[in-house]
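Across the two complexes that follow, chain A remains constant while its partner is chain B and subsequently chain C.
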Partner chain A sequence: MATEHETVAGAAPGQPAPDGLPPGGSGGKVSRTTSAERRERAAHPGWFLAPALVVMVVFFFVPTVFNFVYAFTDWSSFKSEINPVGFDNFVELADSGTLFASLRITVVYAVLVAIFQNVFGLILAVLLERDTRLNRFARAAFFIPVLMSALAVGYIFQAFLKPEGALNALIGALVGHEVTTAWLGSTTWTIVVVALIHAWKWMGLSMLIYMAGLKTMPGDVLEAARIDGASPWKAFWAIRFPLLAPAVTFSVATALLGSMNGFDVVQATTEGGPARTTEILNIFIYRTFGQGLFAQATTMSLVLFLMVALFAFPVIKILRRREEIL
Partner chain B sequence: MNRSLTSIAALASVALMATACSDPAAEAEGGGSAGGGAVEWPEPTADLDGVTLTLWAAQNSTTIPEQVTAAFEKATGAKVEIVTIPDPYEQSVQTRVATGDKPDLAFWQPTASMLTALNADTNLQPLDGAPWIEELQPELQDMTGLLDDTRYAALISSPSVEGVYYNKDVFAQHGITEPPGSFDEMVDLARKLDSAGVTPFYGMAGDRWATQWWVQVQLAGAAANGFWDDVNSGEKSFESPVVLDAITRYRDLVEEGLFNDDLATATFEEQGDALLAGEAAMALQVNSFFGQLQAKADTATLNEKIGFFPISPSGNVGTYIPDQSNALVAFRSGDEQKEAAARQLLAFWMGPGYEDFVAGQGTISLKPDVPTPDSVPQALLDAHASLGDSVGSMQALAAANPDLYLNLADMVAGEMTPKEVAAATQDQFEQLASAAGVEGF
Partner chain C sequence: MSTEVLRRRPRRSARTKAQPVVALVLVAVLVGLPMWLVVVTAGKPQGEALTPNLDLPSQWQLLDNVREVWTRGRIPSGFFGSVLVMVPSVLGVLLLGSMGAWILARRSKRRYAVLYAAAISGIVLPPAVVTVVLLLRQLGLAGTAIGMIGVYMGIYMSTVIFFVTGFIRTIPLELEEAARVDGARPLTVFVRVILPLLRPVLATATILICLYVWNDVFYAFFVLGGRLDTLPLNLFQVASAGLYLNNWHLIFTYVVLMSLPLLIVFVVAQRKIISGITSGAVK
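Moving on to the complex of A and B:
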């Protein structure tokens, strides 16, 4: 701002600079910006990055590189040597149908979780938007599962949903006779139940993200809508929901990509059962690793990494496009 | 980010890769006890002041060594730390060992396939010439613990046997005085019980692992005739008729309704309760099942209620399957003093400490000159007695240990056909055998 102002002042009419350029023109501007940059650099020296970078390199970058390297070897618990084997592991995995079955289950699971978690989160955010005392309490209550250990959540639900568990006892008391439904026993529906549990655990986070989005909405726009006679329903879908686009991008992307890497909730509730219908890729990887087939397990986790990356770019791109109307 | 920082990062990662690109578990190679040469066995009670040994145990075996290691500490001055490794035990141990984390001793399934899975040749101490071996019952001396003619595991208790535990009251109520003499007779008996309104067999396909006994006991005859050797050499496979027929027979028995209605979701725990309560007549299981019953009832009750008979197509032949709680292995740590101390602990356990161990644990003695305590229930004694003419299980004799049980559980849940079970199991067997470097795979 200061630079611009001075430039304008310097080029005051009736006082043309000798060389046709306003005094304190581009040259002065450049020197000012570089000094600003220098100041900024002094305040944020590059080596401040170092600790974070070292942690990142040691615990993320190097393991990821190894993940690529070991996928092309025959590393196992059975022998000491590690030999390169080219694409053998990939060919073997592609040949056996288990990998694709697991990939399919993983995608279905991730999509289900993303839908449930965001729908629940959005409903909660809208319901609890006003700052009443009750709402504040309810928000905290719905956020507690996010802080709980995922394994604990899984084991609690496993006990809750057992044929002789609390849910059946509750239903039994309501309908007046004994109920022994195995909620985690269906080879078709268990994946939906587990996805619901996963979504239940994380819906508090989506609620928080959506609530932040709702709270930062410009009041005048909503007021204008009200004056124009828009019903609350119409105002929500025509104005508030589109304005939530950045929150949707973040919440959907993290839910979808995060649940692709899911493990704990499924391990605690079903261990991939019944009949492997909830065996998401990470459970399969865990099982393979446990058999001592380390290279094969690494190959699978590379496949998972690639799949998440493959999903991430288009999903984020599409969601981002929705934001462009803002 | 400036250039020097980038190059430091690149250098660091290259250095890390260079150091980490070898199997960390192989580090001990060369150090400590060398393979091949004769193994020295220290006096069981020699002084070990200042030596600390680490012993890994599973959740279900962690109390077994407490008493004997305390006696060892007192006799030698050594310190033994028992570390409980969380379940699934085998997976956790294999993963730790792969990253270079090793104890001095650990409970381990003493079968060839599981010793291979630990890379015994590199990671374990050979236990050849162990002083207690000749004091064991002859049929137990070389039954298990060996890989390529080298002894790597010390058997400490009676190896598990697959066989049928039955409720004596239910048998008596239906006029059955003699246990069946063969698999077919057992099925006939089951049909008789079924028509009388009793659940003949209680299975636990919800916990999955016991589904495989149904196929394995049917393979007892084939196993005695070298079937698993043929599988190991690639001449026969899990898709051979003998296995496929056994799998199909199991499915047919399930479909006929000879099992509990909730077979697909029932658990190990429920199986124990059901047999004790007489809700079902029989359960095909291994020793750990009886261990569960012992936690639920006292010896007198068990002797009165629960009986055991081994079963196979040709007669009352058991199928042995030593498990993790039956044996210990000693690791090569690279520290000669500790390695010798680990062997000394085994020599103490199976030597001067054995009588107290057997008495304290209330378990069957493997040595003819050490008495088995009276508190051992009859069913366990029967299981032990069947070891003499028993044959090896898949775990004991196959070169690799595929997840047959998982595929069978999927079949029980209606998600796989017997053919698919056989094919998937064979695929996995080949994959494991190839990784283990078995010739021909």
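Moving on to the complex of A and C:
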């Protein structure tokens, strides 16, 4: 249907359809499509879309455009006038090493979160697939962290992972001697621990997405595989997993892009430390904004935008393709 | 073939027997332990909560802690602010998003395909948190509930439009035509025919957006700048101000209180919420 109307040709966008053409007149095809178009327009007037677009333009697109302007100024809380400074902010951030460090940390964090969240989510979905009472209870339990504030989750794990905290006490009881690992104190591994916490919070959502994907499986195909003697393990990887592809794309994309824009979990567990090794872009933005260095914060905000946009274009394409299939 | 079946039986039943045990252990360890930590710490006096552990409190004083957090953490004004911002944001974004989605789903010109791409771009693109503050100052909306509502609507409009447009495309046009033949105008068709059909997808969107808005601290920090209380913002401020340093019993009491509203809604409507999100994800 879409393509038929897209080829409507002739009439320039925004021009009203030429009136007075008798339906089914000499230019048969053209007049038929334009009258269909006219009907379409009368039935679905464009002004219905206007309020949503106005809100998006004012509160989303204009600030984004501002990003491209104020990243090239010396806007700060220390003086009232704002002057253009060209690429100074970028040069400064690149020279101090902050720019690439934050970028690298953000990408590493996002990739780790996407992997953990989806592996856990998929395992849970397969484990809790059958519709039993216990499984329904377990699904609800794993959804609780999704409902909780990410900030609260961060504080919980900050307490849980303290050197003298509950996890070390448990491990100590198991191995029989005292354990005082500083789970959030390593400049190498803390980013992994924080990513695990982020994934813990959201794995319930991935679980639901994968469960929805598993539900669409054609039962007869699996039955056929079973009769042919395929082991459950093999049947899963050969039949079910490939059919899960749309769910995987969706869940991985949302996890990846969501954690690139993350803040709460990192702020509540490490505040970017130790030694700024977990300082993802939004932590930097928050910190420099608090110091009144608005232009630097804007510059990093623009960097985040550009990075996500780079990832996003392929993702939007995939999302739209997925919709066309359905 | 019968031998095949016989051979497979024991393995299958072993798997089915192990599954409940594995599920229960995972729930207990992965969700139970952290939640246990929260609840017991929230019930402890300050001295016992200095280094949070899994021990039971020597005596429960959850109510005393609640009373202290209630005033020091400004729970009432935080709750009021959260509701004041969340309810209009969610209602507004659902209504405006659905209206727009209806047009984007039904109009077929190339122009609308472009508009659709722009309208869903917010799903992935991060909001410009710093410059939105500047814009709100220029509009006189910085630190106000209206500014916050506008920002949330701008951020989550894309999510609504994406879900609803996909859903409307599965609704046959004939349903609208029938009403139109009876002389109904577009507004009537939208309110009487389309909106009621959107209930399942709007329910899913409501859950997700409520979740995001209720728990948001990042955008609220920039936009509200401490001039309006919300629950997560209060938790954040008191926890990072050092006021609650070594006051884990108060932090966790706060966490319990703040999580309760969503948890209660979830327990009451659990089945609907889970099936709503599950079917929403397939659509």
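Annotations for the structure displayed:
The criterion applied here is as follows: the second predicted complex is superposed on the first by the 266 of 326 C-alpha atoms of A that agree within 3 Å, B and C clash if a C-alpha of one lies under 4 Å from a C-alpha of the other, contacts with A are read in each partner's own complex, and residues count from 1 in each chain.
The rule is short, and it goes like this: contacts are C-beta pairs under 8 Å (C-beta built on N, C-alpha and C of every residue); 3 or more make two chains touch, one makes a residue touch a chain.
Because the structure is a prediction, the values reported are computed rather than measured.
Contacts of A:S76 after superposition on the shared chain: chain B is touched, whereas chain C is not. Contacts of A:I209 after superposition: chain C is touched, whereas chain B is not reached.
Taking chain A as the reference, the larger set of touched residues comes from C, when chain B and chain C are compared.
Touch criterion met: A:L293 reaches chain B, while chain C stays clear of it. By the touch criterion stated above, A:L99 is placed in contact with neither chain B nor chain C.
Of the two partner chains placed around the shared chain by superposition, chain B is the only one that A:T187 touches, whereas chain C remains out of contact. Contacts of A:S149 after superposition: chain C is touched, whereas chain B is not reached.
Once the two complexes are laid over each other on the shared chain, residue contacts for A:P274 go to chain B alone; chain C is not touched. Once the two complexes are laid over each other on the shared chain, residue contacts for A:V248 go to neither chain B nor chain C.
Under the contact criterion defined above, the residues of chain A that touch both chain B in one complex and chain C in the other are 46, 49, 53, 58, 62, 66, 75, 286, 289, 294. On chain B, the positions that touch chain A within their shared complex are 1-2, 5, 9, 12-13, 16-17, 20-23, 25-26, 29, 88, 90-91, 94-95, 97-98, 116-119, 122, 206, 208, 262, 264-265, 403, 406, 409-410, 413-416, 427, 431-432, 435-437. In the complex of the two chains, the chain A residues touching chain C come out as 1-2, 4-6, 8, 13-14, 37, 40-46, 48-49, 51-53, 55-56, 58-60, 62-64, 66-67, 70, 75, 124, 127-128, 130, 132, 134-152, 155-157, 159-160, 162, 164-166, 169-170, 200, 205, 208-209, 211-213, 215-216, 227, 229, 232, 247, 250, 253, 257, 260-261, 263-264, 267-268, 282, 285-286, 289, 294, 297-298, 301-302, 304-305, 308-309, 311-312, 315-316, 319-320, 323, 326.
The part of chain C that touches chain A in the complex is made up of residues 1, 4, 15, 19-20, 22-24, 26-27, 30-35, 37-38, 41, 51-54, 92-93, 96-97, 99-100, 102-104, 106-111, 113, 115, 117-132, 134-135, 150-151, 153-155, 157-158, 161-162, 166, 169-170, 176, 180, 186, 189-190, 211, 214-215, 217-218, 221-222, 232, 235-236, 239, 248, 251-252, 255, 258-259, 262-263, 266, 270-271, 273-274, 277-279, 281-283. Contact residues of chain A toward chain B in the complex are 46-47, 49-50, 53-54, 57-58, 61-62, 65-66, 69, 74-82, 92, 96, 163, 182, 185, 187, 273-277, 286-287, 289-296.
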